[in-house]
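Next come two complexes built around subunit A: one with subunit B, the other with subunit C.
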Partner chain A sequence: MAAHASPRRGRASGLRRGEAVAGWLFTAPVIVILGVFLLVPVLMALWVSVSDWAGRGSPLSGDVSFVGADNYAAVLADGGLATKDFGTALRNNAWYVLLVVPLQTALSLFLAILVNRAVLRGRGFFRTAFYFPSVTSSVAITVLWMFLFSASGAVNDVLAWFGVNGPNWFNDPRGILHLVLSAFGADAGPAALTDGGMLGVSWWDWFAGPSIAMSAYILMAVFTTSGTFMLLFLAGLQNLGADVDEAAMMDGANGWQRFWRITLPQLRPTLFTVLTLGLIGCWQVFDQIYTGTQGAPGKTTLTPAFLSYQTAFKNQEWGQGAAIAFILFVIIVVFTLIQRWALRDRPVSRRRIRAYEVAEKGAMS
Partner chain B sequence: MRLSPKQLTWQIVLYGVLVVLALIYVYPFLIQVVTSFKTDEDAASSGISLIPDVWTFAAYERLFAHSDFASWFVNSAIVTVVVTAGRVFFNSLAGYALARLRFRGRGVVFAALVAVMSVPTVVLLIPKFLVINQLGMFNSYAGMILPLLVDAAGVFIMKNFFESIPVSVEEQARIDGAGTFRLFWSVVLPMATPALVTIVILSFQGSWNELSHFIVSTNDPALTTLTKGVASLASGQLSQGTQYPLKLAAALIMTIPVAVMFFVFQRRIMNSTEGAVKE
Partner chain C sequence: MTRHTTRAALGTGAVLITSALALTGCGSGFSGGGDSSSEGLTSSDDALTVLIGSSGDAETEAVQEAIDAWSKESGTKVSLQAASNLSQELSQGFAAGKPADLFYLSTDQIAGFAANGSLKAYGDELKNKDDFYPSLVENFTVDGEFYCAPKDFSTLALVINSTMWANAGLTDADLPKTWDDLAAVAKKLTTPEHVGLAFSAEYQRLGVFIAQSGGGLVKDGAAIADDDANVAALEYVKSHLADGTFAFAKDIGAGWGGEALGKQSAAMVIEGNWITGAMSNDYSSVDYTVAELPAGPAGKGTLQFTNCWGMAADSPNQEAALDLVEYLTSADSQLAFSKAFGPMPSIASAADAWTSANPELEPFLAGADYAQFPPNQDGAADVIADFNAQLESLKTGDPAQILDSVQSNLEAVVE
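Let's turn to the complex of A and B:
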């Protein structure tokens, strides 16, 4: 980086010109690197997803031809193994999202409220304890988790204290909802559920719930992310003025009412952040699966992210792998939009606030 | 101040819940430390106990003497140091430009960065491989490091920080005849230490713990990082049997640098995460 035009003469214009050059020079590394390793790759993968490239040579060479939506069809529509695997991966990940997102959000909020008290002794220790799992790598945590949840591991030891004979967690493909149903004698689904289905997976299997193996991953995700989100909630809590809470206390609201009516509505922005980050993260489970079970047992820990990798790098079905990645991208975007819509500031609530304000003014005068 | 019986009960319940929760969060790591010093049989038979039958360093010996663990560690260290240095420099350059320099196209650059941040990384696995391969950087440090060298989130952190510094500081130096880079390097950057520490922590953690990028950018055993190596240990590529002490020892050593970082910068880490949301 050489020195830039010295702004001695013709101050304004010279300065501006120097600034423009410097501005582009300063941002150039970021633009070039992100462009080359982010924008170009996405365009290239988009091409691969509609081509028959088989992993040899350049995907941009003349031997590679355009196959239209074939790869997408193989994954979404033709009912073969690719479709069935994608359906299974989608099912597994959907259950993962359905359980992890609410659990981690509720737990992290609970932890934040517990450690937010100013008078709490050992506050620093507790915060550290809850946050520490978040800084460790997912690979290290997965290794630890596979030990804790092994057949004779710590978790089953604890369960044994309560007379429960714990499962062989990471090797058990049984769906937990199916297990619950079979406890009531329903071992096979009704024809209505087993006959029909989506993406090569019967409705009955869609409703199997996460497998026991997947449940161990679910617990792991809650364990490792609750600390991060606890910090976000703590920040949110500390931004709240105490006055509203105190006013409510004066009016005789109990702790529970104050939490639901005062604290939680004010935490809405943080809640939105936590839910969005949680949703986006949960649809991207990869490291854990790669380190741990690689989709086994019975494909019940297969996730779209891992399937995309496996399809492309292991099976050399590059087009299908890329197609899965783009479908996953769309899923993530759609979920984020749905959630944004669900948590938007409703005009109703604003009107209600205004109604309160009017009532308050009336009471004051 | 004396507490009423009801308040006292609440206090006891609160601390009880906290202690149980803290135990759940801490105990797995204690098990990890202790188990790495156990024998294979001992680890497999009593997964929860914190007292080994015999203390043994066998797992560590095996790790360093009979596997490429040391080379994995070196690779991770190289990547992490270079990536962290690069991010500190390039992110702050770009952050400064976006915060202070007026140039045509700044809005576009900014909007593009926002868009880039929203692309999920897992979706980029195949795309990244394609480009790295095309550029002839597969199985090289360049392919491992270059794509991680900047990050949009870091640019934002720096931009926000620079915007909080009063302009008057730079005006004085400018009148004294300092060029833009000089101004940035010797006047503004030294003032940005808090933000720089945040970038250092985040990129250290991020690149040390990174796995998927190294999976798609290398397959040469000589370039295996800790994350990749330990993941291959976990799926049992080096060994027969479970060998839990070995695996847990590997995972433990891998955790130590980030743990040290965490405990040294604890205050700041807690605050930086809070700061990231407040903005």
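Let's turn to the complex of A and C:
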């Protein structure tokens, strides 16, 4: 799992004969286990995704043949039901990622800063309380959520106190952006949006926003993961020396400036970890969907991970199921790379340098 | 030095490859020829495994009892497994080459498993073959081959809350005969506390209106989803969803029709005979009567649901399995199952005995004569799922547009 090998590991780095053998001997179990349970299955799945294996007997047997990119084409290009389902799943998950990742990152950072303050009484209690949802099984939380958000559930009861008639959360397939638009009388999209589209889903539907059911899942994801990421931020915060902060304070920076200019930049490695884990986790959302709505209502909680499972195991389209899994893999890698690029260490920009120079000059004169 | 590393790497590779072969090798225990012809059942002394997707303890116990009785008679050992996720466990069994010998098989999965050669088409070998209802046989016929024995079946009927019916001043004479009658009684039965008629937002319920208006999804091997009759059926449902006399179960806070009837949030529901179990277990205080569904413009119509006893092509003891299926589908066994967990026998010769044991449920059996069934082509389940997703917004949707999309999806599957 190490990102880069240490530079000291040369080929013949002074090991004696017996030591190399012993080294291999000791690592062999892990290599074999990783190979058999990780590498081989992944390679076999890759083969299934480009073959016509129909789910009977071994995928490596003689009567399974290579079909090239057919399975990928069915999912990405055919325009049939498989494409439309994948497009819908991608749409749902994209909204999920777009909302969950920033919200959970912001919330967990906020919570971490709160419980990091030395002046806070009962810090231990709050740390435990915030972390608690992360310890609970996602299945249990999903069941709880289904109760809370049912038509006659606690959430709607609370909304009723304020005179709000709560939605039928897990049964309402309408997207929230569409709902907002229809409040202004716009029930159907302009032809420019409804005519064109991607993956069998019209632009108008891409921009529907998460459905009310998906919004409930989004709230749940933020609720359950913030605690874990709070812990990461907390560890990051406690590693920061107080000196830089004090120096900034001496320079007259207020609390807000110190947070944006001093603390947050120093937290960049932690931020990178949290965002990466968040992105990966969000693109892979499965258990909640499987135990909860299974894609209902109106396929608005269908996600690629769940679709992959359903396509393979329920519809017997093993190749397509594997293809979806690999497309998802590519999406995750691409997003991680983009994010890595966005958070890379940059030299201070010319504009900012000039700002410092001006300030210095001002101070000197 | 380098040599050692190379050798070690080679060794590791060898171990990996061997393990990979061992891993995949366990899937190749049977040679994978797609032998699904009905000739030549395998025969051996091997014990049988039966995998069922049970609805609960009552069903598991009833099947276990029947299997034990057969096992004693025949001397073949049988083990029964109740699956927690039947379709997944079946798929895993076939992929690993070690499926159960006999299993529950639903109509929407048969084409897929038949296509990849997992199933043995043994229907023509059954001694009681001619006793099964013809539409059930048709349900399990793929490409002209009768694959498996229908286990039992259910149909949809109108289930009415007797108290609400009487309170609205209605009598047996008012039982709806036509769509207009249905709309009229639904209107009379609608109060601020409950709706007149409720059903789940899915083709598996709304399909009865499609059948009654003379439509359907597949006819003579061609997709007919965009038929005018289908549009008329959905328009009828839509108009009454809009006026509030009909409602989708979920919109009145119930998971399905049975819950809506039990919680008294609907006066009538369209449900199958499995509702009897739910009513006696969970809502025993609610009195209900069962009536045939009204006729539409094209006459009576309902939907039937069934499962069959699938047999694995890879089973080493198919002769014994066939004998067990004949035993399980005999009149005695099926009547015992019916008593234990509610479905109707799949054979005509058990009909009289069933009716005399369940006179109040007779309308369900009457539906066998005119029931349609959901399309059973490979991939049709997906099309229906998409149809259902669209039906959830029928209240605001355009029936013709919905059916058009179903038509194009269905055409890709049936041709």
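To be clear about the criterion, the second predicted complex is superposed on the first by the 327 of 365 C-alpha atoms of A that agree within 3 Å, B and C clash if a C-alpha of one lies under 4 Å from a C-alpha of the other, contacts with A are read in each partner's own complex, and residues count from 1 in each chain.
Simple rule for what comes next: contacts are C-beta pairs under 8 Å (C-beta built on N, C-alpha and C of every residue); 3 or more make two chains touch, one makes a residue touch a chain.
The shown structure was predicted, so the numbers you read here are calculated from the model rather than taken from an experiment.
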| item | value |
| --- | --- |
| First, second, both or neither for A:Val36, with subunit B first and subunit C second | both |
| Contacts of A:Asp63 with subunit B and subunit C, given as first, second, both or neither | second |
| Touched partner set for A:Gly197, first subunit B, second subunit C, both or neither | neither |
| Which of subunit B and subunit C A:Asn171 touches, first, second, both or neither | second |
| Which of subunit B and subunit C A:Ser152 touches, first, second, both or neither | both |
| Touched partner set for A:Ala20, first subunit B, second subunit C, both or neither | both |
| Touched partner set for A:Gly189, first subunit B, second subunit C, both or neither | neither |
| Subunit B versus subunit C as contact partner of A:Phe313, first or second or both or neither | both |
| Doubly contacted residues of subunit A, that is, touched by subunit B and again by subunit C | 20-21, 24, 31, 36, 39-40, 44, 58-60, 150, 152, 312-313, 318 |
| Contact footprint of subunit A on subunit B as seen in their complex | 14, 17-18, 21-22, 25-29, 31-32, 35, 43-48, 90-91, 93-94, 96-98, 101-106, 109, 112-113, 116, 119-132, 134-135, 146-147, 149-150, 152, 155, 174, 177, 179-182, 184, 205, 208-209, 211-212, 215-216, 226-227, 230-231, 233-235, 242, 244, 247-248, 250-252, 254-255, 258-259, 261-262, 266, 269-270, 273-275, 277-278 |
| Touch list for subunit A against partner subunit C, complex | 11-12, 15, 17, 20-21, 24, 28, 31-32, 35-36, 39-40, 44, 54-61, 63, 80-82, 84-85, 150-152, 168, 171, 173-174, 295-299, 312-316, 318 |
| Residues of subunit C defined as touching subunit A within the complex | 1-2, 4-5, 8, 11-12, 15-16, 19-20, 23-25, 27-28, 30, 32-34, 87-88, 91-92, 94-95, 97, 109, 112-113, 115-118, 250-251, 253, 378-379, 381-383, 386, 389-390, 392-393, 409, 412 |
| Subunit B-facing residues of subunit A, complex | 1-4, 6-8, 16, 18-24, 26-27, 29-31, 33-34, 36-42, 44-45, 48, 58-60, 111, 114-115, 120, 122, 125-133, 135-148, 150, 152-154, 156-158, 223, 227-228, 231-232, 234-236, 238-239, 270, 273, 280, 283-284, 286-287, 290-292, 294, 305, 308-309, 312-313, 318, 321-322, 325-326, 328-329, 332 |
